Amino acid sequence: MTHAAATVDQMRPPYPAERGLDVYNTKLGMWVFLASEVMFFAALIGTYVILRFGATGEWAKPGIVLNIKITAFNTFLLICSSVSMVKAYAAIQDGDPKKMRFWLLMTILGGATFVGIQVFEYMHLVEHGFTPAGVREGSELAGLVANGTLPAATMGLYGSTFFTMTGFHGFHVTCGVISMAYLYVTKALPGKYSQQDYRGIETVGLYWHFVDLVWIILFTIVYLI
Amino acid sequence: MTTVAATAHTAHAHHDDRSFIRKYIFSTDHKIIGIQFLFVSLFFLLIGGLLAMQMRWQLAYPGQPMPGGGILPETMAPGGVILPEYYIQLVTMHGTFMVFFAIMPLLVGVYANFLIPLKIGTHDMAFPRINMWSFWSFFVGGLVMLASLFVPDGAARAGWTMYAPLSARHDFSGASLGQELWSVSIIFVGLSSILGSLNYITTIINNRAPGMTWFRLPLSVWSLFITAILGLLALPVLSGAAIMLLFDQIIGTHFFDPAAGGQALLWQHLFWFFGHPEVYILILPAMGMVSDIIANGSRKPIFGYHSMVFAIVAIAFLGWIVWGHHMFMSGMNPTLGSSFMVSTLVIAVPSAVKVFNWMGTMWRGNIRFHVPMLHAVAFVAMFAIGGLSGIYMAATPVDMFIHDTYFIVAHLHYVLFGGSLFALFGAIVYWYPKMFGRMMSEPWGKVHFWLTFIFYNCTFFPMHILGMAGHMRRIYDPTQYTFLQPYQPMNVFISISAFLLFATQLIFFVNFWWSLRKGARAEQNPWHDNGLEWSLPSPAPHGNWEQVPTVYRGPYEFSSPQVAEDYLPQYKKLPTDREPARAPVAGH
Amino acid sequence: MRSTVIPVVCGVMAIVGCEKGRAGASPGVAQAAESVPVTAQPAASAADGATITGKIKFTGAKPVNPKIDMGDEPKCKAKYQGVPTDELVVVNPNGTLANVFVYVKTGLPAGYTAPAPAGPVTLDQDGCRYHPHVLGIQVGQTLAIKNSDGILHNIKAKAVKNRPFNISQPTSMTSERTFSAPEVMVPLECNVHGWMHAWLGVLPHPFFGVSGADGSFTLKGLPPGTYTVEAWHEKYGTQTATVTVAGTETKTADFSFAAK
Amino acid sequence: MHWWLPLKGSTFAGEVDGLFLAITIITGIAFVVVEVGLIWFVVKYRQRPGRKAFYTHGNTRAEVIWTTIPAVTMVALGLISNHYWVKIKGRHSVPANAYPIAIHAKQFEWQVTYPGADGQLGTSDDFTVRNQLHVPVGRPVVVHLSAEDVIHSFFVPVFRVKQDAVPGMQINSWFQATVPGNYELACAELCGLGHYRMRAQVFVHTQEDYDAWLKQAAQEAAQ
């Protein structure tokens, strides 16, 4: 855009509150985008619910298939990263860029670790024979299915829904980490955030809390119940 | 700040210094993006029409070699004779191209992009770069869909609704890569639509010109706003469903595969939960733009502006609870069927209100029949038919007979062609001067309109009769059924009308291209309209206004006693007008 | 519009290399494919090299094949005097079993390659049945699928090692396909006529045959060596025999299937 | 070639056609009002030099009227339709004495299983015939629909009956034929490349003819 005036985003403080709502465009835009994200996850989760409660025979036992402990720790980690995000936000509101950088970095690390652990978890699961297509022939889990510990009928559905839902959540976390890292390098380090203008932090923060919230729901319905 | 604004203004000066690529290819200017959408989706409109022509040939002359069909590969039409598997690909791709790559981008991609900033009075979209990505995501999706026609085993072939498990299992459909490319392409379209919608919504909420209150918005903007909300919330559901379908196809998940515990009806619920709001995405913007054109053509304020707005909102809300009326015969719980029937019949009411208000607008008007007005009036007439024929389907016992027959085909074409497409022809002619600075040929426009109107009705009205005979949709050769053989002459008649209808559209395309270079230079406000866009020179310059105009009144002040001439622009300050409460923000 | 589409079509066709079928397979070959025994191999090599021949005996009660109800396909029904039956088990008058696919399973020298014959193997759909019911083809050799009925047939090849396909023939026409990998057997079926089944054996060499009206088979032109020969029947499964041949001698390997 | 609906071949064909006619009358009136109104306005209020349009923003009473009338009509129509819907497709609509026939749809044929002499499905004397639906006249018949592979749709135009057959589900659909004769059964849901030929013949017999046919067919099936 040649005329900077047209896009508020490119303006430096003091940036004007928009006409319409007293919210700047990027924040409003993020809220709108999150509405659409809600519908996306609603579709995936709704599918899970319909398939699970429409299924004939008992549902797969998460406790046996998955490693709940690691994931519980992972959940804790993600919640912490949400807290550190809040701290970063608070820091820049008090006009402390140094503190903000630290907490933003913590958030990035937290998110990255979460994704790492999830990748590890996937490898582990596939190795033991739990795949999106169901239980792999001749694998460890196939034995459990054979001796009736696990229901043969619903393992396929569980694999399909589990990997799709957690996979897309992982994808969202990855996007969040990348965008935070981008902001950290291009905005935070050069000290472009100030008490007057911290829109980037606030906007990415909204996204991050949303992703966190989605995970808490997923963890409950996919791992615990 | 003022300095920023100042530099900005110098940048507005009408020669701008961007490279050709930034200016016309990877442009972030909402007008250029709108025009990009226009060219690409007009191309897909032609493709969709071409596919339809092949279907019509096969239906009129089953098993006879199609003229020029020889160029098609043996896997589609050996010796020009269309194969059944190619026919169902035609059915599928015609629907897909028309819905996702022609009508939807023409309405939303083109006119939401072009009109919103111009009509609400701002320099550009809230997120110009996201806007650019929205176009390119759509473009990639289109290319993928086009390519899928030519891969081994051919394109997707489960109908544009992609009912599982036929779409999910290659051994059932006989397609392979084409089926997967369909899902991929749809995911791109979904992304494009979501990016676009969040842009439109943010822009309309936040960036209206001073004085442009909600109830001073033109109905076109209102309908595009509601459409954007529908798109924002509906498309993610489709994307999710398409992703699951793709996983079923390539990594062996079992979402829609009953053989492994999945549910076949799940796809239908997901698809139609998206699909019914989609139906309104395909008609609401048309309604909005027609409202603008009818008020202009009648030289009268819109009759019942507020109820028009509430009708749009009502349709948008009800649109979420009627998806089941596509599934009355699907084995869904009949009690659900009852409730879906009632909600469906209720949604007819706001549509009726709109039709009557359009008539009320024309009543005691001073009607000018410029080409856009002709198309707008045709829209009302045809949409009325399409809406009324919808009532037959809504009544479940009747639907039990006409579901999946040509009655449905007739109905949906009366709404999508008679409705959306007529409105689009009108809109293209109407805003052409603001896009390209020239007028389209009036006489040829009228020739195109009348021929289209005649052949269109000859093509689609008889389909009601076929439907009443029980003629099924999507069948390759009706003569296989003795009870359909007597209707073959009607199929021939429909096909010939369809060929003429297609030929007529070439007039429009020639007119369109010819006028780009040779059309008469357009003045600033050729239709004597009130919208803010007409305060700009034609074509509208990059960045639109240097200082956005202030709005003093609603958009439909035609034949107002306050002034001598029969229109009173929103931006025209009369001595009696007071400045709006909130002053324009610096730099805007 | 066409003018812009055609290049696209051709271009993309060229890229993805969609197989283009040429109509009309030479009837001579068609005969060969149906007559017994089938030996898809050049005559030159037949002179030198050994031969394995044999008969497929059948013991036990002759099972009755299920009737086929062609009630709604008058065109096909007209081609039969009596009620047509399935070809699940075809026992010849001389007490031998037809439609048994016999082929060299193992024993060929490593890296043995045989060029695919030029002529196609024809699978004819006549009277809503496949002719032949069991057939063999070499990797890369053309399978000409012929529709002599003039009504809709679709051919669904449920291949695993090869690329599966499902194509239709609404009228009298011929489509062609080739197979890229050895696979015994590839089931072929028509979904318009649920009873129509055929079995296709795809091999990298010409040493295979199908027992016919006299229940015998012949594998010609074998290089010296010890071979595992397998006989396959769609209902009675497989049997194997080990045969050692040298020079141009002819050895016999008979198989015997018992009714189940 | 009829310009109206085909022969009424089942007990509820009359009701469906009646509703169809009722809707045609309602929509016909609306159609005339709208189209004639449009043409009238277009002619009467076409542009004339020196005339200015009547400046008004609307009329609340008029709008209330033309909102209420459609609303009332639609709700009424909904109630009437629902009455027949429940009667024809409702949960408990299948008559107790209905004669059972099982239809299994697969690409691309209808496998019709008859209950044999004992009139019970799932017994040893059941037998299956391909692409032929024989039913007795004047007796409710309940069809147990199932599908092998993809979604098909059981559609007999003269009976005005249509019901999708969905893999993984068993759906019951009933009708009572009223006119003996030979009709057609079509697949109404796109089910693949052979969809257009997924056709079966429907024979409506008198009870005695039906019994005779059943006996003979059972014998043929037995051998």
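Note that the chains take the letters A, B, C and D in the order they are written out, and that residue 1 is the start of every chain.
Criterion: contacts are C-beta pairs under 8 Å (C-beta built on N, C-alpha and C of every residue); 3 or more make two chains touch, one makes a residue touch a chain.
Remember, it's a predicted structure, so these values are computed and weren't measured experimentally.
Peer 1: Where's the contact count highest, between which chains?
Peer 2: Answer by contact count: the chains B-D.
Peer 1: Using C-alpha centroids, which chain lies at the maximum separation from chain B?
Peer 2: C
Peer 1: Distance between chain A and chain B based on Cα centroids, please, to the nearest Å.
Peer 2: So the centroids are 34 Å from each other.
Peer 1: Distance-wise, how many Å sit between the C-alpha centres of chain B and chain D, to the nearest whole number?
Peer 2: Computed from C-alpha means, the inter-chain centre distance equals 31 Å.
Peer 1: Whole-Å distance, chain A centre to chain C centre, using C-alpha means?
Peer 2: Between these chains, centre-to-centre, one finds 56 Å.
Peer 1: Just the number, please: Cα centre separation of chain C and chain D in whole Å.
Peer 2: Measuring from centre to centre gives 46 Å for this pair.
Peer 1: Listing for chain B: what residues touch at least two other chains?
Peer 2: Residues 83-85, 173-174, 262-263, 476-477 of chain B each touch two or more of the other chains.
Peer 1: Enumerate the residues of chain D that touch no fewer than two other chains.
Peer 2: Within chain D, the residues that touch at least two other chains are 107, 192-194, 197, 199.
Peer 1: Would you please name all pairs of chains that touch?
Peer 2: So the chains that touch one another pair up as A-B, B-C, B-D, C-D.
Peer 1: Touching chain B in the complex: which residues of chain D?
Peer 2: Residues of chain D touching chain B: 1-6, 12, 15-16, 19-20, 23, 26-27, 30-31, 34-35, 37-38, 41-42, 45-48, 51-59, 62-63, 66-67, 70-71, 74-75, 77-78, 81-82, 84-86, 88-91, 107, 149-151, 153, 155, 157, 160-164, 166-169, 171, 183-184, 186-197, 199.
Peer 1: Show me the residue ranges of chain B that touch chain D in the complex, using the header's touch definition.
Peer 2: Residue list for chain B touching chain D: 83-85, 88, 91, 157-159, 163, 165-166, 169, 172-174, 258-259, 262-265, 298-305, 307, 329-331, 333-335, 337-338, 341-342, 345-346, 348-349, 352-353, 355-357, 359-360, 362-369, 377, 380-381, 384-385, 388-389, 391-392, 394-398, 400-401, 403-405, 465, 468-470, 472-478, 480-483, 486-487, 489-490, 558-561, 566.
Peer 1: Please output the residues of chain D touching chain C within their complex, sorted ascending.
Peer 2: Residues of chain D touching chain C: 106-109, 129-132, 192-194, 197, 199-201, 220.
Peer 1: Taking the touch rule as given, give the residues of chain C at its contact with chain D in the complex, in rising order.
Peer 2: Interface residues on the chain C side: 67, 69, 71-72, 152, 154, 166, 168, 191-194.
Peer 1: Under the stated contact criterion, what part of chain A meets chain B in this complex?
Peer 2: Within the complex, chain A contacts chain B at residues 1-9, 11, 14, 16-21, 23, 25-26, 28-29, 32-33, 35-37, 39-40, 42-44, 46-47, 50-51, 54-56, 132-134, 153-154, 156-157, 159-161, 163-164, 168.
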